[in-house]
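Each remark here refers to the structure printed beneath this line.
Chain IDs A, B, C and D follow the sequence of writing; residue 1 opens each chain.
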């Protein structure tokens, strides 16, 4: 008999694995992505494909450079997921090189300089988004009105190729529009009050179903919510972070709204616009960059929610999700250190419990 | 009252002395290996910076301006800062020898922490009152402490990571500092100053 | 709300205070319905002298001796140790080192007996009527019988029975949880020998002087629960069977105490400090045999199971029987297993060779195939927190692992490494297949090694001092000898001189010696 | 000009006074640490550190001329304590570098003549035996100091890594397969 393997126990294992987790997340992202495809048509699909292909390419390149097994590591699905999330946050009709540069930043700078999967302290997709937003403010805020697939206004394949890979046709300006956040921000800066601005853009119904200008995958709060609930139902994520993000954002914006409804939009508007819903379920919940303990996750989520509202309300960027996530990512190690669970038989500060004489059964 | 709040927010977050103004990078890289040491360094710097901001304001307005000796500003500020640092060093050595050892060479180096002199000079340049100077110094130091501690937490985790050989040590720390700096850009525009 | 109802609330709160634990596939069906069968006499018995925690027993037989069944062959040495007895009659053919039933395969002091086939009993333990014996006598009897904790920890049971001298004990918990997957030997014991078990429990309760007895059995063993419930009256003091949830690691001593009584044992403390003592069900059976029949611990029931075994079974084997012979008895192996284990799949020890003996703490022999071990290649930690979620001790396994990998053992200790019970829940649940438990075992071993170095350091100092003292003494003695010789020389000279001029008085030689 | 000089002088004088007071107020006694260091060393004067005896080593450590890890018999424990005393960087706790496998002496009994030279030289009395008898090493007492190897006239003594036993065996670090087979 050949010698059986000599390693320490346990000698059996649960069915849970990294790859399955990644696939489950992708499945839950599918509804919102499909809607994005439908709303923004062929250019969005092309950009999506380019971004994911670039992410895979850079991942393979980095793995080869680090002399690791390329095929096996690629199959874990993490690069696809990063590319996917990044593509979801880009303007749908952005040129191809935005997706490629973004994938480069995310995979190389965000992840592989730290050693690859599981090592990065910052969310790679958010690193890419923030860096693109800072470096390329114009293409990163070129939103278009939804032009559903097969509808008369939608670009055909030729036009789509031109939008993504070539020079955009002259009439693209006719469809470009401001996102809800950008529009409200700009109008508020222009000295108008909300009760005058909101009716122009704010339609909760449309925001909810994604029939508004915005990033490809972030527009439909409803479908993102559905995906998120599935994610939680499959026990891939705990609801601590999403609830903390949404709750704190709603609380702060609600408070502000109560103080001055003319200056500050209502919490529902905050929740359903921009990337907040997407962030709450799919970005903030990234295992690698979020705290591990329940309390830590609540603190982290609350931090993101508050920062998002603060940056949206007072900051110079229309959307604060990327920055908020990065800032809280930076705090994650500290949060982890200070929110360790109580050890069995010890009190919170790590001292052994005292025996209470009256305790005996 | 609101002005003071704005100064505090502005110096601590928006115009963070390390990540936005890029002052005081030496202790930022040097004392961020361990959270405890970073916290100690942060407190020591806070003490020195606040005191130096106030003292330099006094020297400027009570001594230099009346005597028309503004050209001695940098010289006298450095003198004042050096004195305060020496005092802090003696005090920490007595109060917490552990912290004294952990801070090592960086404690006397607060003297040459450009953030300290920078904040003192900025105070004069921006024509702050005494209270504003004090707050400006404190806010800057609080921002310094905040990012130092956050960065130390990150670096403690970095130390356990499987970072590729070319990036180990200082390079990955600089990459991280850069990303952190980018994250702080999110605060841009929070207060207009 | 009154105090009573408050405390009742606390006691019914979640199994492990609402955290930790896993639900591995138990696969107990493989052997749960096979009655305990006795194995025929094996061809050779290798009885290690170290089958327990504590000091190794000292052999009291030599090569060539004839031994009888139950005869003492290894004598306990020191307070924490256990006697070893001959499992059958035969001839001692070797006293020396053989491979231990241990992953390292390192040698251990072993007495090898070739059975003569007669299985002749020697002198049994002295008779004792437990109902009239004092607790001390019972404990001493258990000690003579060489009984150790049979759940796997192998802590000498007599030492645990003596805890009553140091603590006010109130509750005896009989651990029938058997939370390890696959294992069914305790289940079968409780089903088939409930009367004997109840008797053993009653004797232990008497020896401990406890007020109540609780038999804790996991909910997935309804027949065992029913069987034990029928015998509760026989125990003599308030006794009940408690059905505990099927949740690994329910059998861990401190977690079982918490699940049953709601009391959380402080870190680094004994459950006895809370007035609770936990004994294994199989230990109770051994106590019954020792007290009623004077039989020392020379055999035990174990489960042979796993997809790699042709005929899974529960077998009563003699201590010292080789694993290979037991497997043969169960129809042999079905191909090469991925892992061959002594004990359960969670905490059992892998072995290199089948030619190692089973010992007092061996509760199972498992041959697991790839489909059961489900071992995949290791991936980087993605910080999913799965290990933290299932850790019954409230630790952060991934953080500890990271620190250990980075070489920072002290930091790992700071965040609780030494509170880890190595139950394996974290590794089981890790989606990246990281060998967390091995990492912790390595770190603990390394720390123990460093500790022993420290100990040796002190020892070295002591040795160096005694040596210095001895050297000084020798030097001093030499000097004195020299001085004496000098004095003698001087005296002789004087005598010689005296013979010439006898008028001078003799000097006092002692004055020179003291110098 | 005079004003400038006067101002700077006044500033310097003022700060100097404050610092002088602070130096007295916060004065810290630094005890001689050589004795403290020596107390931590094994005291066997085995000479593995390259200094003449433990006292010499303690002086070297106190001056900073020798690293805290200089004492092989002391191992990591001593190094950590010394680092605490001297304020030097403590050695890592689990790395393979600092705490290498301990070594012990081993006597080839075939070559041993029973001359008792090693026996007399051993600082910890780890060699047992008498004149004209074959000597053996007590592994638990031996510190691997090399003294006996040097004096053996028949070169019957070597240093080897301390043999593993069930008592000191532990699981290897995951990912180091070499140890698994021992």
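We take it that a residue touches a chain if its C-beta (ideal position, glycine included) is under 8 Å from a C-beta of that chain, and two chains touch if they have at least 3 such contacts.
Quick caveat: nothing in here was measured; it's all calculated off a predicted structure.
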item	value
Intersection of contact partners for chain A and chain D	B, C
Between the pairs B-D and A-B, the one where more C-beta pairs touch	A-B
Euclidean distance of C-alpha centroids - chain B vs chain D, Å	40
Distance from chain B to chain A - Cα centre to Cα centre, in angstrom	33
Centre-of-Cα separation between chain C and chain A, whole angstrom	52
Distance from chain D to chain C - Cα centre to Cα centre, in angstrom	36
Chain A: positions in contact with at least two other chains	6-8, 115-116, 119
Two or more partner chains touched - positions in chain B	162
Per-residue overlap in chain D, given as positions that touch at least 2 other chains	171, 174
Complex interface listing, chain C residues touching chain D	50, 100, 102-108, 404-405, 407-411, 434-435, 438-439, 441-446, 448-450, 452-454, 456-457, 459-461, 463-468
Complex contact set, residues of chain D against chain B	3-4, 7-8, 11-12, 15, 18-19, 22-23, 25-28, 87
Residues of chain B that touch chain C when the two form their complex	159-160, 162
Chain C - residues contacting chain A, complex	16, 19, 22, 24-25, 103, 168, 170-171, 181, 212, 254-255, 261-269, 273-276, 333, 336-341, 345-354, 366, 368, 372-377, 379-386, 388, 391-396, 398-399, 415-416, 419, 422, 424-425, 427-433, 435, 437-438, 441
Chain A - residues contacting chain C, complex	1-18, 20-21, 72, 76, 78, 115-119, 287-290, 292-293, 336, 340-346, 350, 352-355, 359-361
